[in-house]
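Two complexes come next, and they have one chain in common, chain A, joined by chain B in the first and chain C in the second.
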Partner chain A sequence: MTRLGRLLEKPWIWSFAGALLVWLAAIAFTRGYGAGGMVTAALSLAVFTVIVGIGQMFVITLGPGNVDLSLPASIGLASAVAMKVMGGNDAMVVVGLLAALGSGFLVGSFNYFLIRALRIPPIIATLSASFIIQSVDISYGRGLQIKPPPGFADFTNLQVLGIPVLAILTVLFALGAAVLLQRTIYGRQVLAIGQNIRAAGLAGVPVGRVRYLTYALCGTLGGLTGALLAGYFRGANVDIGNEYLLTSIAVVVIGGTSVAGGKANVPGIWGAALFLVLLLTMLNTFGVSAGVRLLLTGLIIVGVITAAGGPKSAR
Partner chain B sequence: MTDTPSPTASVASASVPAARGIAVRRWLRALLPALSLVLVVTAIGVLNPRAISYFGFSLMLGLAIPIALATIAQLFVITVNDLDLSIGTFVGFVGCVTATLLRDNPLVGIAVLVAAIGVYAGLGALIHLRNLPSIVVTLGMSFVWQGLAILMLPTPGGKAPDWLLTLMGLKPPFVPFPIIAAIVIAVVVHFGLMRTSYGTILRGAGGNAAAIERAGWSLLRTKVTMFTLAGVFGVLSGMALIGTTTSGDANIGNGYTLLSIAGVILGGGEFVGGRVSPIGAVLGALTLTLAATQLLGFMHIPPDWQVGANGIILIIVLAARALLSRRGDAV
Partner chain C sequence: MKKSLVLSALAVILVSSTAYADTSGMRIAFSNNYAGNSWRQAMLKSYAAVTEKAVKDGIVAAADIFTTADKEVPTQAAQIQNLILQGYNAIVINAGSPDALNGAVKQACDAGIVVVSFDGIVTEPCAYRVVVDFKSMGLEEVEQMAKFQPKGGNLLEIRGLAGTSIDEAIHQGILDGVAKHPEFKIVGSVTGDWDQTTAQKAVATILPSLPDVVGIVDQGGDGYGAAQAFAAAGKPRPTIIMGNRQDELQWWKEQKAKDGYQTWSASIAPGVSSLAFWVAQQVLDGRTDIPHDLLVPYLAFTQDDFETVLPTIETGSVASHEYTQEESLAAIKANM
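On to the complex of A and B.
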């Protein structure tokens, strides 16, 4: 009983419960048909949300006002960079992946440069940056029709016993991120800055360097997602990252990370990502129109945030 | 525009020349939105002298009224340290209502628009009471508005009510209608927010919430007031937009979210602390309208770079502002 009680206190349990609930609702509707396929599809799609969500989580943990709005643009650019560098050639996959990571890293560095040099809030800095990156992407990726190398496309779609390989790797990656956050000096410094930036600075935390690393990390993860998305959907696209503006922030909040900063939760990101993906699957199974789907997605997100937001004293 | 320079108050102990330097910087900062607009108009005049005319301005500034109204809506939300990422799709939703219900069945149309403003008021209360991040709530709401807009108008179409077309097509003597409208919007909001006592309380709720609360004012009420005002101006923006474009489209307002935030910042608004400038925001909206669509066209900059140019303009203005407040003056 006490073990169950302790489990219920974990902030991430609710997002997994929500995911389970929408999945049950979906298979109840289909009378059990396609239950396994739904999980496989949800795992494959949740991977991308988890990777960007973890990047966004590190940024949001830095404290109020810290958020990366340039992720969609960064993902779009990296998808084009990856496809162009790979050029449909299996031998260039690693180089292309590195190029996409590099593109994301540069975007993150540019974001932090704007934050520091102009002394503006990260929201405005990353927003301005995203305008520019979007234009770079549109003119760089114009008419880009390059397919991903067959080996890379197959790899992103590979499954073992119905479980996508990418999902297994992303679970390991999330474990790594949790260790980075809770067990390394860097992670503890991120949390310290989020709890009280002044106190952290006075205690000797190199605030500037840690913040820079965090924005660069988030950008790099955006780059990785861009390359993987282009492989999974067999081609780059300017709009490929658009949906990750909402989802990257939503999974962080639904997953139990504090928006006020200083308190992060990695497992919750997986739960929240599965919840959002399965929610869309469920609405698709119900066969609702695009308008109703958007409406319900919005309402459910606002509802979940309201429920998860917690009372004022939580701050 | 907003903070009147008062060198004597802020630097009592500093020497007179230093105080004067700060005063000059503050003036320059306050004038930055106006200077940016003059710069853009001058550039357009040099590139295409014929554009600087009654007819030219009427054409170029056609979309300035809805953009200015959306910017003001965003300004109210930013004043209380929140951000509205749903204003663009909200404007699109209002546009769809205007082009369909408001024309065919005015009473129902008005009821829907009033209800929409009510939703905005409710969002303000929700964000305050549950202490929610406005970014996430409004991002979620942006899906709601877009979904409703698509349900209402699945394909572009509809038509603006005739009275609205007449209003937006006004051709007053000497000064083009968009310019008159911009002045009216700026003056009304400036007076309400900067010159009335409750306006000061509203801004104070963004500047120092604890102090306002201790002085006996309800923070819930200030938040609800600001979100309601944002809803009202969002509705006006959507109606003005449909009055200009004559027909509706569910995606018509999507770009307005980013434009409105950029307009507020360009106009000298600070992101936190209740420091905003309605006049500056309207100037910022005009600058963006002209710079984003007209100037780039005259300069033969490919459409690929239009969004990027907005970002670059934003960064240049912010850089100028950072330079001007480098010493002494608080950012």
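On to the complex of A and C.
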């Protein structure tokens, strides 16, 4: 009982509960048909949200006002950079991945330059950066779908016993991110800045450097996602990251990370990402129209956030 | 009788030969609200190719292209107001909204400017609309499906951007087709937004719950993504109607080479932008008999001819057809 009680106190439990619930609702509708396939599809699609979500989580944890709105544009650009560098050649996959990471890293650095040197609030800085990045992407990629090399495309689809390899790697990556957040000096400094930036500065935390590293990390993860998306969806394009503007923030919040900063948790990102994909699965399975689907998605997200926030405010 | 025929033919020749001179000093602007996908890029390329030649041939004085930085409607409205002030004689529009630009379009009409919209059309009555017959395209998809799957079976439908007239028209055509061919049943419907990534994701989420599907009826730009989703889930490949994209036709070619895979491909040609240009030029030329709503055919490819067009499409782009002035006159005539 106390163990269950402790489990219920975890802020991330609600996102997993939500994911389980919508999955059960979907398979109740099909009378159990396709239950395994749904999980496989959800794992494959959640991977991308998890990676950008973790980047966004670090940024949001820096405290009020910190958010990276340039992620969609950065993902689009990195997808084009990766596919162009790879040029359909399997030998160039590693170089292409590094180029995508580099592209994301530069975007993240540029964001912080705007925030720090020009003293622009992060919301405005990253949003205006995204316009610049998108224009660069349109002239660089000419709006064409550039295909990935076959080996890289196959890798993004690889499955072991119905579990996508990419999902397994992303679980390991999330574990690494959790260690980075909770067990390293850098992670502790991010949390300290999020709790009180002045106090952190007075306590000797190198505020500027930590914030820069965090924006650069978020950008780099966006770059990685861009390359992986282009592999999985068989082609780079400008709009490939569009949906991650909302979902990267939604998974952070649904996952139980505090929007006010200073409090973060990684497992919740996985739960929330699975929840969002399974929600789409459920609504598609029910066969509701596009308008109703958007309406229900909004209502259910509000519902889950309220449920997850309930016990916290009581404390 | 014979004489009057000759005379009238002569009159037609006289009128059409003066046609070139009349617009030679006129300037036509193109207001476009988005350039970020392959279809839009092909649209701009077709338009530029046709209009550059028209300017060189002295048919019009200038044909400038303006694309707004974002997809926002207010930006495009402001852009149209600027074009009015700059004194263009005609504005060709691919509009971000069917009705939100009507105010700006009305201002242009009141200033004596000819407005021709296409693809993203405007509902303002004073403007011209070049519309592709999407409903018959949807109907034809099911007709073609009946040829490839004579026994019938379950269909999956992929819809386009919700709330657009194009999505509604194609969907209606498909419903009409299924009503005509009761051997088919639509067992699932997802939203693909004419986008490969969105379509693949949507199909991947609905696929586990679907019974066996013999065919996919869609709206173009979504066929390749659907094929990938079926492959990823390890499900047998259905007959997927294609939408003239290079990657779709390439995939079709590979499947055909493997086991004689058969399907059909149709979409709106991005080059319809050049038709809109010629309509503007003709109206400026003084023609008053052109209907404000012009229905033009879609561009389709079959098992026999898609491989001849495939090498001409740039990698990652979409099949297009650029209208010459003569073809445009014929297309206009077909509506009268």
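A few notes on this one:
What we mean here is this: the second predicted complex is superposed on the first by the 304 of 315 C-alpha atoms of A that agree within 3 Å, B and C clash if a C-alpha of one lies under 4 Å from a C-alpha of the other, contacts with A are read in each partner's own complex, and residues count from 1 in each chain.
Everything below uses one rule, namely that a residue touches a chain if its C-beta (ideal position, glycine included) is under 8 Å from a C-beta of that chain, and two chains touch if they have at least 3 such contacts.
Worth saying up front: this structure is predicted, and the values here are computed from it rather than measured.
Chain B and chain C, once both complexes are superposed via chain A, clash. Shared-chain residue A:V292: touches chain B; no touch with chain C.
Look at A:V259: by the touch rule set out above, it reaches chain B but stays clear of chain C. By the document's definition of touching, of the two partners only chain B reaches A:G65; chain C does not.
Applying the stated contact rule after C-alpha superposition, one finds that A:R142 touches each of chain B and chain C.
By the touch criterion stated above, A:V277 is placed in contact with chain C alone, chain B being left untouched. By the touch criterion stated above, A:R119 is placed in contact with chain B alone, chain C being left untouched.
Of the two partner chains, chain C is the only one that A:D239 touches; chain B does not reach it. When the two structures are aligned on the shared chain, A:Q134 is found in touch with chain B and with chain C.
Using the contact criterion defined above for the overlaid structures, shared-chain residue A:I249 touches chain B, although it does not reach chain C.
In this superposition on chain A, the options for chain B are 37-45, 55-63 or 91-99, and chain C clashes with just 55-63.
Looking at chain A, you'll find residues 131, 134-135, 138, 142, 289-291, 293-294 touch chain B in one structure and chain C in the other.
By the touch criterion stated above, chain C contacts chain A in their complex at residues 35-38, 40-41, 69-70, 159, 162-163, 188-191, 195-197, 200-202, 204-210, 224-225, 228, 231-233, 245-247, 314-317. Within the complex formed with chain A, the chain B residues making contact are 83, 126, 130-133, 135-137, 139-151, 154, 258, 261-262, 265, 271-272, 302, 304-312, 314-315, 318-319, 321-322, 331. Chain A makes touch with chain C in their complex at residues 26, 29-30, 33-38, 40-42, 44-45, 131, 134-135, 138, 142-147, 157, 229, 233-235, 237-240, 277, 280-281, 284-285, 287, 289-291, 293-294. Of all residues in chain A, those touching chain B in their complex are 65, 67, 114, 117-121, 123-124, 127-132, 134-136, 138-139, 142, 245-246, 249-250, 253, 259, 289-299, 301-302, 305-306, 309-312, 314-315.
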